[in-house]
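Below, chain A partners chain B and then partners chain C, in two separate complexes.
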Partner chain A sequence: MAPKAATGRTSRNPDLIRGVGKFSRSKMYHKRGLWAIKAKNGGVFPKHDPKPAAAETPAKPPKFYPADDVKKPLVNKRKHKPTKLRASITPGTVFILLAGRFMGKRVVFLKQLTSGLLLVTGPFKVNGVPLRRVNQSYVIATSTKVDISGVDLGKFDDQYFEKEAEKKKKKGEGEFFEAEKEEKKVLPDDKKDDQKTVDAQLIKSIEAVLDLKTYLSARFSLKSGMKPHELVF
Partner chain B sequence: MVKGHQGEGVRAMNLEILFNAITTLRSKSNQYPNTSLIHIEGVNTKEEVSWYCGKQWIALLLHLGQVPRPHGNSGVVRAKFKSNLPPKSMGDRVRVVMYPGNI
Partner chain C sequence: MEQQAQLKDGRVALVNYGKDYGKLVVIVDVLDQNRALINAPDMVRSQMNFKRLSLIDIKIDINRVPRKKSLIEAMEKADVKNKWENSSWGKKLIVQKRRAALNDFDRFKLMLAKIKKGGLIRQELAKLKKENAA
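Coming up: the complex of A and B.
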């Protein structure tokens, strides 16, 4: 196939109205230079032989035919795009979390993951918020920024936060009672180490700014008389 | 566990400012109980209300709703709840939460 047109190339045959081009078929023939292609090829359009089909392995007849015709689900080719970030959200912004366990905490934004969620950290030492994913809607972006250029975030993605797939236990009678006791969920050590590495860099940048550490350890709350629609974050 | 950490004073991510659920949407003789009118303290104009549009309500810990639009010029707001507010709650407090955030 001919290589893709360079970016910025418009169609040679602009639409007058939808479905009606500006140039007629014969005009387009000339515009596209088909006469030149023909001339180059001895008066005929060049023919491309079909690629030899790969020898098909004879398909085995299936062992099992379903009794009823099973409808195939329609193909879904939708691709997931990460949510568009608000202009106020840039890496290093300090967020106020609006909901959930860490409601009211001020945290540092690290990066947006491919699922669209925002990766955020307290840092843990400062306010107890670990590396966590947060939705953009549940966050207020303040105008305070922290320098996170020294932090390596390559290894964090949505996979990192997925739950460990629980192995299915085959329950025998005796094991029924044992299975009731769930193991206490302990955070694996490598995740703790990741937290420490990320935070080490961050805390240096935070301590460089006056009062930023106390700011991050304090919780945000609305006091009497504070009107959120009049607050400037 | 969360309540243990925070006292009510700090927990004010919810706007505990007095919001009065004034009444249901109504004309003189007809009521439309699916929409309530809510007056937010400190909000007095239509423009100020636009900050709250899209935010969620929690009324009486039972009803969840949304702030869709202002009602008139003086900062009253129309709110729709998942199930209609009971008429007993006219005059009661209602809370607005700050999410979904848009700042």
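Coming up: the complex of A and C.
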């Protein structure tokens, strides 16, 4: 059809009520100037040839037709919002980990990744916790903060923590057991260096505060008389 | 047995139950066998059962049911706040509040300090034992 008006496309036919315009068809014909367009084109409406359709590559007939009709799942265009962080969680907060291998350890929070998980580090030299992802729900945020302004966290994202894609190996009967024994996952050197650079800056800020280093190297535990609902963290 | 705090107009009390827990109030009138009219600088004058009050050793000089302004003046004159904070009961409460508000890091530092103090005491004790044994 004819190209639409670019800016401010308003209707010249105001609605009296939904579905009923103020002006009739003949009035609108005059208002829109269709008579002028016809006159310019010699008494007929200008015709635009349809755009040449892109040449379609002949589709190959599929190799396989399913026996029954397969239902297609409904289209879902919902986008996840980034996980909401608790107000007590800000970069540099000291966390107490509540579950997993490092249960009870006090660690430093670095940043929230796009998946919503929290990037955390021991620092490794202080308490053995490496750069690690942790879920917000398995963490108590204390009110102690460490200064992490000097740390560059640009290169850490969820991709960094993905498992290495295992290469497919051909396993023979006898080789099966040997192969199991030899496979030991060694952390690549560049990841070790990343840990060192992040921790170097952190340890400086930690040593600036008295007793903070010993605090981070100790584990948290509930002792007799401590009531978690009454404790201030 | 020392004399207990007398219940009269002007007696200062500590609220030990309810919404106003921990506040210092002044008994400005006695309503009946169980209830008193109480008032405090930061509170609207209201009635309270004696069971919710713990009487304190401090008394201020007022008439029955004074105005808020004269109540505050009388409290300033009797220096209720300082007397309370310097009394052993008041000091204990302040310490309790401080302990409850300790951070996890603060509790850790407290533990280190306790260990250090205990170590020093044991050192001194060992010295004294040695001297005694000799």
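Please note the rule applied: the second predicted complex is superposed on the first by the 150 of 233 C-alpha atoms of A that agree within 3 Å, B and C clash if a C-alpha of one lies under 4 Å from a C-alpha of the other, contacts with A are read in each partner's own complex, and residues count from 1 in each chain.
In this section, a residue touches a chain if its C-beta (ideal position, glycine included) is under 8 Å from a C-beta of that chain, and two chains touch if they have at least 3 such contacts.
Note that the structure is a prediction, hence the values are computed from the model and not measured.
K.L.:
Give one of first, second, both or neither to describe whether A:Phe233 is in contact with chain B, with chain C, with both, or with none.
P.N.:
both
K.L.:
Would you check which partner chain A:Tyr160 touches, where first means chain B only, second means chain C only, and both and neither mean what they say?
P.N.:
Neither: A:Tyr160 stays clear of chain B and chain C.
K.L.:
Which holds for A:Trp35: it touches chain B only (first), chain C only (second), both, or neither?
P.N.:
neither
K.L.:
Applying the touch criterion given at the start, work out whether A:Leu98 contacts chain B, chain C, both or neither, answering first, second, both or neither.
P.N.:
First partner only.
K.L.:
For A:Arg86, using the defined touch cut-off, is the partner it touches chain B, chain C, both, or neither? Pick first, second, both or neither.
P.N.:
first
K.L.:
For A:Tyr138, is the partner it touches chain B (first), chain C (second), both, or none of the two (neither)?
P.N.:
The first partner, chain B, only.
K.L.:
Per the overlay, which chain contacts more chain A residues, chain B or chain C?
P.N.:
Of chain B and chain C, B contacts more residues of chain A.
K.L.:
Of the two partner chains, chain B (first) and chain C (second), which one does A:Ser221 touch, if any: first, second, both, or neither?
P.N.:
Only chain B is touched by A:Ser221; chain C is not.
K.L.:
Across the two complexes, what residues of chain A are contacted by chain B and by chain C?
P.N.:
220, 230, 233.
K.L.:
Considering only the defined contacts, which chain C positions touch chain A in the complex?
P.N.:
Result: residues 100-105, 108-109, 112 of chain C touch chain A.
K.L.:
Using the touch definition from the top, list the residues of chain B that touch chain A in their complex.
P.N.:
2, 6, 9-13, 15-17, 42-43, 48, 51-52, 97-103
K.L.:
For the complex, give me every residue of chain A touching chain C.
P.N.:
Of all residues in chain A, those touching chain C are 94, 96, 106, 142-144, 211-212, 214-215, 218, 220, 230-233.
K.L.:
Hey, which residues of chain A end up touching chain B in the complex?
P.N.:
Residues in contact with chain B: 86, 88, 98-99, 101, 103-104, 136-141, 219-223, 227-230, 233.
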